[in-house]
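Each of the next two complexes has chain A plus one other chain: chain B in the first, chain C in the second.
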Partner chain A sequence: MDWTTLDTWIVITGVLSAMSCALIGNFLVLRKMSMMGDAISHAVLPGLAVAFLISGSRGSITMFVGAAIAGLLTALFTQWIHKFGKVEESAAMGVTFTALFAIGLILIVRGADSIDLDPGCVLYGAIELVPLDMVTFLGFTCPQAVWILGCVLLINILFTLLLYKELRLTCFDPALATTLGINANVMHYVTMTLVAITTVASFESVGSILVIAMLIVPAAAAHLLTNRYGLMLALSMIFAATSAALGHISAITVPTWFGFADTSTAGMIAVVAGLLFSLVMLFAPHQGILSKIWHQLRLSLRIASEDILGKLYRLEEATSDQPTYTQAVAIPANKWINRLARMDLSRTRKITREQNAYRLTEQGRNVARQLVRSHRLWESYVAKHFDLNVDHLHDSAERTEHYITQTMQQEMIEELRHVQTDPHGKKIPNQQSDEANSNKKGRKA
Partner chain B sequence: MNTEPLDQKPATASSQTSASTSAPHSVRVATGDEHPVTSPLSVHDMTVAYHRKPVLWDVDFDAPAGSLIGMIGPNGAGKSTLLKAALDLIPKASGRVMVYGKPYRQQRHLVGYVPQRESVDWDFPVNALDVVAMGLYRRIGWCRLVSRRHKQDAMDALEQVGMADFAKRQISQLSGGQQQRVFLARALVQDASLYLMDEPFAGVDASTEIAIVNILQKLREAGKTVLVVHHDLHTVRDYFDYVILLNMRIVAHGPTDEVFTPENLKKTYGGRLTLLDRAAHAMARQGET
Partner chain C sequence: MSRSRIYFFTLLIIFFSCPASVTMASGLSSIRDTSMSLPSWDMLMRVFLLKDYNTRVVMFGTMSLGLAAGVIGTMMLLRKRALMGDALSHATLPGIGLAFIIMIQFGGSGKYLPGLLLGASVSGAIGLGCIMAIRHWTRLKEDAAMGIVLSVFFGLGIAILGIIQKMQTGQASGLQSFIYGKTAAMLAQDAKIIALVALLIVAICSLMFKELKLLCFDATFAQSQGWPIFFLDAIIMALIIIVTVIGLQAVGLILMIALLVIPPAAARFWTEKLLPMILIAAGIGAASGFAGAAFSALLPRLPAGAIIVVVASVIFALSLLFGTARGVVHRLIDHTKLSRKVAQQNLLRALFERSEGSRSLSEQNLSANASAASTSFKRLLLARSWSPRKLRRTIRHAISRQLVRARQYNHFSLTSNGLAEARRVVRNHRLWELYLINHADIAPSHVDRGADELEHILGPSMVDELLELLAVKHPELAMPPSPHVINSRSAAARAERHRSKTGSAKRT
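This part shows the complex of A and B:
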């Protein structure tokens, strides 16, 4: 890998544009308007074209004005079509941006001889050419795109910081915001204007495809990673910057491993962002797929363990007149989860093994007693409130017993006026082991 | 008791206003459009339409100060619409809304709004305390951050609704009843004089319902006026001093003892006025072509 100043400038450009898009993209994602990013980034094209035709130059302030107007119009047209045409909002968006994009394309193709704007460049950008267009401003020489993107990022950061809480409120509860005097509609259109400006600034270097990716992917990933608004904003920007840097590095290295030439940096940034998003989806702490699987597994294990303890407890109960030894049974090992549960119970000393049989320890018996107590209380409770046959009670109790807390037990006990037995006539075990006094079961053996 | 006889009101002429009825409890003079200036909420002949199709006709009432007011009516009666139109969240076809004798826009700071719980995204990345603090945003002012003192205010409000332990909990992890309490706490920190609440009892557990009722009563004791959209007819007599029966129009309004009668309920729930419906349809149809 040959790293040159060119590469540094390319990475800086990519990072700046990705961060600008990601920051403003948060508000699209939080308002569930992700499609709006897509729409605006296409629909600014006619604004650009018209600005070109008028001013005849690129990178001028007219371009931003043109884009801002086009972006604002997209948001407005979408609202109008949605409202007056009685068309669903996403459909209204689809109508608006495809029409505007097409108009933009026609204008560009028509005027292609006189202006140097290439439709292909709009889609993929030309980040590799960025370092060729150096300007000196305030004694500091850097590519023009870096200047522009730096300013846009600064504007976006200032906007987000100054209106930090107003943005949070209008995204979360626009109705309340409006009654508090923070006009949610105005905030919406200001945000959309910034989306348009950001889009245009990023356009030339990274193209509209990457703009769409960076508006949505980092914010969506950050939303999976955290439950905090400020952190989400920060994480989305870190995600975007990482994607941009890794994207360029991949673009100049990965293809060479397979004997090809470098590939498009903008394309690779989007690919890296997609891959990083998949990683986040897999590994996110609470909402990630792996975390959910792990959670499910823990729950299944707990249920399997408790079922084993309950089974042993009931066996003990049935053979309570036996003097010393052994209220034990082979635990079903037909399922892997049962085997796992058995190992876990042995490890935490809730059961002990004697030859081929298992029996409860004092600790295990306490857990089991709670479980059986929950089970029988639940059966009594359901029997009181449902007109059901006694033999219909067991199944629901078997499922519910694992989720009943001490407070719920207490409430049931009070409502059932301190019942002693369940509907089958079995004794509801007490909170503590009172059997120790009443009948000797030789559990010290 | 202010009851409008069925079918008496001309459906097409929204300009013919409340002159047709007069109420003994109301200070209003029968001939004019004079509402008492002291009323926390005076709605003057308000009509609301979606795409020209009226969904609320000629709503006209004065909320008595310092009372708990229940707004009752079937699904689609326009209860939420009435609140939203009064708060300028949706446009009115005609009529105006006065808060303590002045137009609503000048009196925003006196009005607290509790939207329906389902109206927001509960997966939003904020915790309970953040949501409650939102009620303070006007007082904090533009571009300012939520200070420690404001957080303390929000915390006190959470305490009042019994949710202090859940302050740092992300809102998606709260139960429906807990979410509703958070919304209520957010209204409390606003320290408004008039509260408009959209179905605060919808889908909450029994203990939350009791907690909310207690809060409402405390607000009344503090001299506030609370207008609550309500669904459960069984509890109306226990909770509210005053009721507004609504079904696209005000069927009756007045003190609960007088107005909450089987006949009035029958009028409210026993089908709409067919002429109203037909007129509304005609307006929607002809408005389109």
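This part shows the complex of A and C:
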């Protein structure tokens, strides 16, 4: 891999465009309008074509205006078709942007000799050609695209900072925003216009597909990582910049590993963004798949061990003559989670094993007592307040017992006026063991 | 009302300017010497009588495609997944590229169509799986899931195409047609494949019609009835992938989405029933296919795929406006009719109540009075919050329908027809008020408004039920007296004045 100034410019362009897209994309993702980015980035085509036909040049300003109008029209048409035609919003979007795209395609093909626009160029851009178009401004010599994208990024950042709290409010609760005097509709259309402008600024250099990827993927990844709005904005921009830089590097290097020539940078940036997203989706601390699986596992392990303890406690209760010894048979060992739970209980010294029998330790017995207490309290509570048969109480209690806290126990015992037995006639165990209680009393006496 | 009308006209203008802008643009391009000459009569006859073999093939292909997409698109629209086709069609691209590379590596031609289609289907299915996984495992909603899959898969596809372009054995130009389509270059073989797939889709949909119908309208109910929802959804998705894959080559990627979304959305305006909707959607799809193929055969340098979509959109716009079930104009007319009827009944009730208030309430007296006594325009105006213009218009309508008679200057009274209708309306109003007071525990001073909205739509059977319910407590049901002071702005103002007077009197 040989790195040149060209590559540096390509990376800078990619990073700028990715960051400006990602910033605006947050609002699309939060307002559940991700596909609007897709729609607008396709629908700017006729705007560009008409702007070109009218002005006859590829000057940036006319293009921007044309695209902004087309983008705004997409949002408006979608809204109108949704409102007046009572068509579902996504369908309205689908109708609007495909129709506009088709019109754009016809315009371009009809004027193909005169229009210097290639639909392919709109779709995948030509980021590799960016450094060929250098301009000097204020003494700096940069590619033109860098200037344009820099301005757009600046506009987007200013927009976000100036309307920080308004945007936040409209994202999370448009109805509340409206009652507070913030016009959610205006915010919507302003955002859509910015999406359109960002799209146009980017497509010339990186293509509309990359725009869609950068609008949605970094914001979605950031959304999985944090619940805080400001942090989400910052994270999405970091993601965008990272995937742009890594994307270009991998576009140059990855295909060569398989013996091919280098490939499209825009495509690879989208791919890298996708990879980053899947990493986040797997490993995010709270929302990630692994962490979800881990928490689920922890929960089922806790439930399984508590069930074992409860079972041992009840066996002790039933055979009060030889209180501490029970048969291993009593614990269902067939399921792996139970085996795991047994190992965990032995490790934390809640049960001990002697030959083929398990025995509760004092520590284990305390936990088990709490559990059985919760179970029987819940049964009494349900029996008192719901019109259920006695034989229907157990299943509900078996599920609920694992989630009952000390305070809930206290509330229930007060509600039930300190009952001593559950509806089946079994004794509700006390908070502490009987011996501990009697010891206390003895000491008091 | 007036605001919605303004919106409506803007919509009208914009929708008609859409095709206009196309013609305008073609006008512009004619300045640049790419003139679009009108086709001769011969040409027209050749195209429409299907004399050209090529045109015949293309028309056959696009019509079958439109038909198939219309059928399966209807299911998708009703399942509220209109943009799924969008995501899936983008997701097919990497499969096409990979299939090409693999076939080249194994010494094949690389453009072997079934191989490419297989690759497309596989990668479409993987994309679908990713969407479902993201939706299931994360808090992101379906829209974000689709956006992610769409853009990342398409990016991957572009990257793979980029590799292919630089391969020695290159000739990747054919693959571009999957994105833009090459309708005009359709071969008889392609058309046959499309027709076969269309047949397959129609067959499956008609075999599973009952199940799919249930799924489309009430998935939860279907699930509770024991239908395998997931499996049914998977069938719909599989059909969508298939139709997308075969359509890619014909009309291209983005325009394929249009064929899946636009005809069903247009059909929705014409009917509330599933079977007619499917048939209409299929018809619109086929018609746009036909028209698109015809136009591009007649006029030079028009991309057929895009024309198909534009035709479909024009049909959509017309349906949106003139559809008989949910069209804008239709609903506007209904709305106008209803509000006119409501205004009419309000007028009758106001007239009745004014004349009722002036004399005694006995039965004969009442009917004699109401038809004889006249009420001035001013008093009517104060009866409710209507503008003079609206009141005048309502009175004019009522006079033309012989419900109201003009007495001397600006005084009006009920005719005997009008009296009968007024009695019915007032009775409905008061029955509902009594019902609210007796059964909903609402204070007499608060029932007027609810009754005001409901009196217009109480049917005879409802009235009978109300009579039965209220008969015990209220013997005077033939025409119950109002349970509250007849609410008018003047009465309220008078009461207000009275209160302030007595208040000030007390204070002094």
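Keep this in mind: the second predicted complex is superposed on the first by the 418 of 445 C-alpha atoms of A that agree within 3 Å, B and C clash if a C-alpha of one lies under 4 Å from a C-alpha of the other, contacts with A are read in each partner's own complex, and residues count from 1 in each chain.
In this section, a contact is a pair of C-beta atoms (placed from the backbone, for glycine too) under 8 Å apart; a residue touches a chain by one contact, two chains touch by 3 or more.
Bear in mind that the values here come from a model prediction, so they are computed numbers and not experimental data.
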item: Three-chain arrangement built on chain A, chain B and chain C clash or fit; value: clash
item: Which superposed partner A:354 touches (first chain B, second chain C, both, neither); value: neither
item: Partner, of chain C and chain B, that touches more residues belonging to chain A; value: C
item: Which superposed partner A:251 touches (first chain B, second chain C, both, neither); value: second
item: Partner chain in contact with A:164 - chain B first, chain C second, else both or neither; value: first
item: Which of chain B and chain C A:172 touches, first, second, both or neither; value: first
item: Partner chain in contact with A:226 - chain B first, chain C second, else both or neither; value: first
item: Partner chain in contact with A:362 - chain B first, chain C second, else both or neither; value: neither
item: Candidates 326-334, 398-406 or 470-478 of chain C: the single one with C-alpha clashes against chain B; value: 326-334
item: Chain A positions touched by chain B in one structure and by chain C in the second; value: 32, 86, 223
item: Residue numbers on chain A that touch chain C, as the complex places them; value: 29, 32-35, 37-38, 42, 49-50, 53, 77, 80-81, 84-88, 90-95, 98-99, 101-103, 105-107, 109-114, 119-120, 123-124, 207, 209-210, 212-213, 215-217, 220, 223-224, 251, 255, 260-264, 266-271, 273-274, 277, 281, 287, 289, 292
item: Complex contacts: residues of chain A adjacent to chain B; value: 30, 32, 86, 162-166, 168-169, 171-173, 175-182, 223, 226-229, 231-232
item: For the chain B and chain A complex, residues of the former touching the latter; value: 51, 84, 87-89, 108, 111, 113, 115, 119-121, 124-127, 130-131, 134-135, 137-138, 140, 142-146, 170, 172, 186
item: Interface residues, chain C side, partner chain A - complex; value: 7-8, 11, 14, 18, 21-22, 25-26, 28-29, 32, 34, 36, 77, 80-83, 85-86, 134, 137-141, 143-144, 146-148, 150-163, 166-167, 176, 179-180, 254-255, 257-258, 260-262, 264-265, 268-269, 301-303, 305-310, 312-313, 316, 320, 326, 328
